[in-house]
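Read through the structures below before going on.
In the two complexes below, chain A is the common chain; its partner is chain B in one and chain C in the other.
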Partner chain A sequence: MNPSKASSTPKRKRKSKPKAKAASTPDKLRIVSFCCHYCSYGAADLAGSSKMPYPLNVEIIRVPCSGRVDPLHVLHALENGADGVMVTGCLKDQCHFVTGNLHAEKRMMKLQKWLETIGLGGRLEFQLMSAGMAKRWVETTKSFYDRIKELGPNPLRKGGK
Partner chain B sequence: MTVRLATMGMSGCSGCHIALLDTGVALLDLLKDVELVYSYPIVDVKNPIPDNIDVALVEGSVRTDHDQEMAKEMRRKAKFLIAFGSCSAFGGVNGLANTFDSQAGVKYVYYETRSMGEQRQVPSEHVPTILPENLRLSDVVKVDFIIPGCPPFPDEIAKVLGALLAGETPSLSTKSVCDECPLEQLTAAPTQLRRIYEIPEPNKCLLSQGFICMGPATRAGCKAECPSRGIPCTGCRGPAETVWDQGVAMLDALAALEEKELAEFKLPRITSTFAKYTYASSELDKIRKRVKQK
Partner chain C sequence: MSSEKPRIGVFVCKCGTNIAKVVDVPAVAEYAKTLPNVAYAGWQLFTCSEEGQNIIKDHIAKHKLNRVIVASCSPKLHEPTFRRTIAEAGLNPFFFEMVNIREQVSWCHMKQKDEYAHATQKAKDLVRAAVYRAALLEPIGSTTQKVPPVCLVIGAGIAGIQAATMLADNGFDVHLVERSPALGGKAAQLGLVFMTDSCGVCVPPRYGEMARKCLSKRVILHDPKIQVHTQTEVTQFEGYIGNFQATLKTHPRGVDVDTCTLCGKCVEACPVEVPNELDYGLGTRKAIYLPFPQAVPRAPVIDFDTCTRCGKCVDVCPVKAVHLDEKPKETEITVGTVIVATGFDVFKPEGMYGWGEYPNVLTQFALARMMDPLGPLEGQLQRPSDKQLPKRIGMIQCVGSRDPETNPHCSRICCQVAMKHAWFIKEHWPDTEIHVFYKDIRLQGKDYERYYLECQKLGVHFHRAEVTDVKQGANKSLTLAVEHHSGRKETVPVDLLVLSAAVVPSEGAQELAHTLNMEVDLTGFFREYHLKLAPVDTTSDGIYLAGACSSPRDIAESSFMAAAAASHAAIPMSKGEVQVDLAKSIVDESLCIGCANCFVVCPYSAIKMEGGVAKVIEVACKGCGICAVECPAEAIQLRHFRDKQILAQISGMLANVEVPEK
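Showing the complex of A and B:
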């Protein structure tokens, strides 16, 4: 164990950096979106196959359930320079795991408040949608992207811009 | 061969030193092999720190430039440096000060508190300067081991010192407080938030009853002192071995509560409940410091 750390969890191995896909977008803003396998991922997929455009800056990470997203995942994304983080899940009462989305909502609401206290307010978005709601997906990503654009890049981003 | 032991207090409450004295008979046994060469809160001599220290117990967080210097000097002179107590190991209760601006704090203390009387000014002599952040010991120097707890348990202090004297590597429990808790653990998640002044049902897990008990996220080793007496654990022993961040882990656990209940559970109560002893070493504070630097 490493007693000099507050938590003596073994150090996580850093994988080689993923290629900066969204770096090709003109403004280089990057939004990490956690999508649940059963609903919001389906919505994003449908938006794609129906050729409904949504901001290129959104990078999707598929998770089994929005309830799987630990607040730490969000913090690590922001710490490593993500400009915004979205957590999206199924509609109320439609969660594949019954209450995962509700749990996620409560966690993220409190986390949003926490983020406000450390100068990263507004950079976390939580939304619920069904697999058929491609339009909702497009609207959500667009409005969140607009908000992030207004807030500007994450101050923690490497290189500072 | 006698072991040269030093103990030192920085920004803390001396409670950890009281716990050291509280080891009682075990302390007498230890003192056969130990020479206490420096102990600033117990013996009223502050300078100089002697050379060739084998083991140093350092209590309190690093809050002033003086603390910082003392910590560095102790590191130079001690072979084995132990962060003694939660202030030193995680920033402690003092760490919650990081949720405020330090200069605003200084202003409040010297200008706004009533007890200041007529002399409303920040003294410029004989007092050390406050650092902008409350730091834990390992933010300033390399730490070889921690003894967590606010204050640490006398038994554990004796065990760690005993192991060091015997030439062994000391270790801490890797379990969580729940693992040691004698209360009946229910599978039901809490739906209702209950306050500390309410009377719990005896012998049933407090968290399941809706009291915020930090047991699941907290390192074992205290034999669940608080829950076994019907008082929720406040997490004084810091994060358990497998927990990355105590506060965030508890935020996860809260999710089962009803929305109506959660609405009442707001900041800053969340911070001061979930990160009571660890805010200064939490992920949140780490990010805050980096954002502030930019």
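Showing the complex of A and C:
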């Protein structure tokens, strides 16, 4: 993690966008999920094509590999008010990019510990699944949503605790 | 990065009613108009249609759009389609962003009927995220990689041989690598095979020939375009399409194939006798042996694990072809493409139905070896325990198939194999009684039904039943406890029990997948790039699949697939080059501090350290972005997934969440 990097992120354009704000639904919890193109994104697609429901609060950002997800990206999401963040990748030994998921796991484990120390514990979930595991995708999103519901909104968010 | 001001066009798709039933599509399009840099937004019924694509092109011209967003289905489906569309309209294909509001909004939330308003909101969030990201997209070009006309074919079963000969006929050079000492794979050991009821090692006529040929007529060994490496494995492999480097390790044969006259004196002289692994305990072989009578290459091989190095074979060989001191050999080759044809293995039904415990319980493969006229018993049907002709034979289907405990998949060929064997036995030994116990009979191939009808005509008994227990009696005959699907229970005595054991991935498939960086599916077979649209491609460009290595297949299917794989491999090799897009990592040398973090983590060795800075080998980089996270200096970035692009997407997604200003 590199704090100097975090501060170099583009300015949020909230001010210039009153309309977007008007459409906001602050009562809804927001979960950002990073999905790798080859596995977990495929699992989410399969859940969709199999018409398997899961919480609407989960919104996906596609990355080539879970190994592309920088702790900085997770922090940026939390800083912008996400109530929870999921990072999902291919199964062990089945990463499309060989070792990407292992790097992701190490990074996210470390970050999870760090988040606890700043009062954001439990808001980052790391899970592995293959593209065929729509069921695991649904179960993971459901149980993470339940956990976030219990934790309540992100304290960094207006109206958060 | 392009300096012109972004002018984004947003095209929201109804996908008929697929999306529109759940998401208020016109509302999403209206909303998109309010977002920064959006110069046009609208909705369509089917954006991917010819008409839909033309509308995109028209709007690009009319509104001078320089970025396009389509909110429709999964990018896994249509990202390539729309990239092509915008390229046809003169935009760089990477000025495109896709929002998945079908699989990831309307379809998954279709059953959440009270939450359709939330679904529409979610679609808006995703579109907004894409708009923020799109503003920061950059044009990305491509580079050319030469592809030499040389293919590595791994596995010389029917599929590997078919692919190798087709490529050679097309003028390409082939390295055909086979792990075992003989070519032909399983098909060479099966005796007569369906659908032709001919020998499994018949190979199709080569270009310009009239008749098919027997593999043992050395068609392959004498082709100057095909270099055959038996007893060889790929131990190291790296590179990318056009430039794959493989290390081949060849174990010593101990016999010089070119001088050997196959007189057989060495085999006679050898004092060591061990069970022949090919024959499942039915026969024995010497430490120097010909794997099976029609084995190609036509020379014996020494099994150095059991050889005592007594030297008797060396002494008797009239042409001095035996060399006990031959060493393993390593060869390095560079090839443009690779075809994997490593086939399958027969499941070992350990602990099931007395297999491995009772001598008269066999697999269909062992039965095939037994009935092969050139096999260890020269085509005799007999019980292993007493060499008597069995009067009653039981066959159990789906052993290790369609079973959550062992393998969930259907092995696809076993019903047909059982029919073939039952028919053959009934024709040659008509007094034999045959009972087949099955869950379902699935005969999927062309004209397979004929075998079923013949079996019924000849009086083979079919029982839709489970065999719940097998007991061995005094004379080693077996008693089967049978529970019919109708609920009726009975016991059935048999002299010989044959298990239709599953078709499973070949031994070492996992390791090979790892070496070649291929994927396997949940059954352990190699994964195709796309089951429907790219069934012989893999996720690694330039590596193709043929035969039973990606799913159980019969010979005919393995042979089609080999032809398809050969023609796919031929495409880049005949063009002589491929275009590789440069959505790869890139180093800003002015920022790089030379720490080599990226070099260390790259799984593809796509980074080299040169003059104290990192350099990306663009054709080798696969674009995972693992390196970008490790760089402490923000010097290496993955194009198309740069930090700032991902961060903007996150900002956009959450722009309607209120966070107290810092």
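We adopt the following convention: the second predicted complex is superposed on the first by the 130 of 161 C-alpha atoms of A that agree within 3 Å, B and C clash if a C-alpha of one lies under 4 Å from a C-alpha of the other, contacts with A are read in each partner's own complex, and residues count from 1 in each chain.
Methods note: contacts are C-beta pairs under 8 Å (C-beta built on N, C-alpha and C of every residue); 3 or more make two chains touch, one makes a residue touch a chain.
Everything quoted here is computed from the prediction, not taken from an experiment.
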item	value
First, second, both or neither for A:70, with chain B first and chain C second	both
First, second, both or neither for A:145, with chain B first and chain C second	neither
First, second, both or neither for A:155, with chain B first and chain C second	first
Chain C versus chain B, contacts on chain A by residue	C
Which superposed partner A:107 touches (first chain B, second chain C, both, neither)	both
First, second, both or neither for A:56, with chain B first and chain C second	second
Which superposed partner A:119 touches (first chain B, second chain C, both, neither)	first
Chain B versus chain C as contact partner of A:130, first or second or both or neither	second
Which superposed partner A:48 touches (first chain B, second chain C, both, neither)	second
Residues of chain A contacting chain B in one complex and chain C in the other	5, 8-9, 67, 70-72, 76, 79, 99, 103, 107, 156
In the complex with chain A, residue positions of chain C that touch it	31, 34-36, 74-76, 100, 102-104, 107-112, 115, 118-119, 121-122, 124-126, 128-129, 132, 514, 517, 519-522, 539, 601, 603-604, 622-626, 628-630, 632, 634, 638, 641, 643-644, 646-651, 653-660
Touch list for chain A against partner chain C, complex	2, 5, 8-10, 12-14, 16-17, 19-21, 23-26, 28, 30, 32, 37-38, 41-42, 44-45, 47-49, 51-54, 56, 59-65, 67-73, 76-77, 79-82, 93-94, 96-100, 103, 107, 130, 132, 156-159
Residues on chain B engaged by chain A in the complex (per definition of touch)	83, 89-91, 99, 136, 138, 142-146, 171-172, 238-239, 241-246, 248, 251-252, 254-257, 259, 262, 266-267, 270-271, 278, 281-288, 290-292, 294
Chain B-facing residues of chain A, complex	1, 3-9, 67, 70-72, 75-76, 78-79, 99, 102-104, 106-107, 109-111, 113-114, 117-120, 155-156, 160
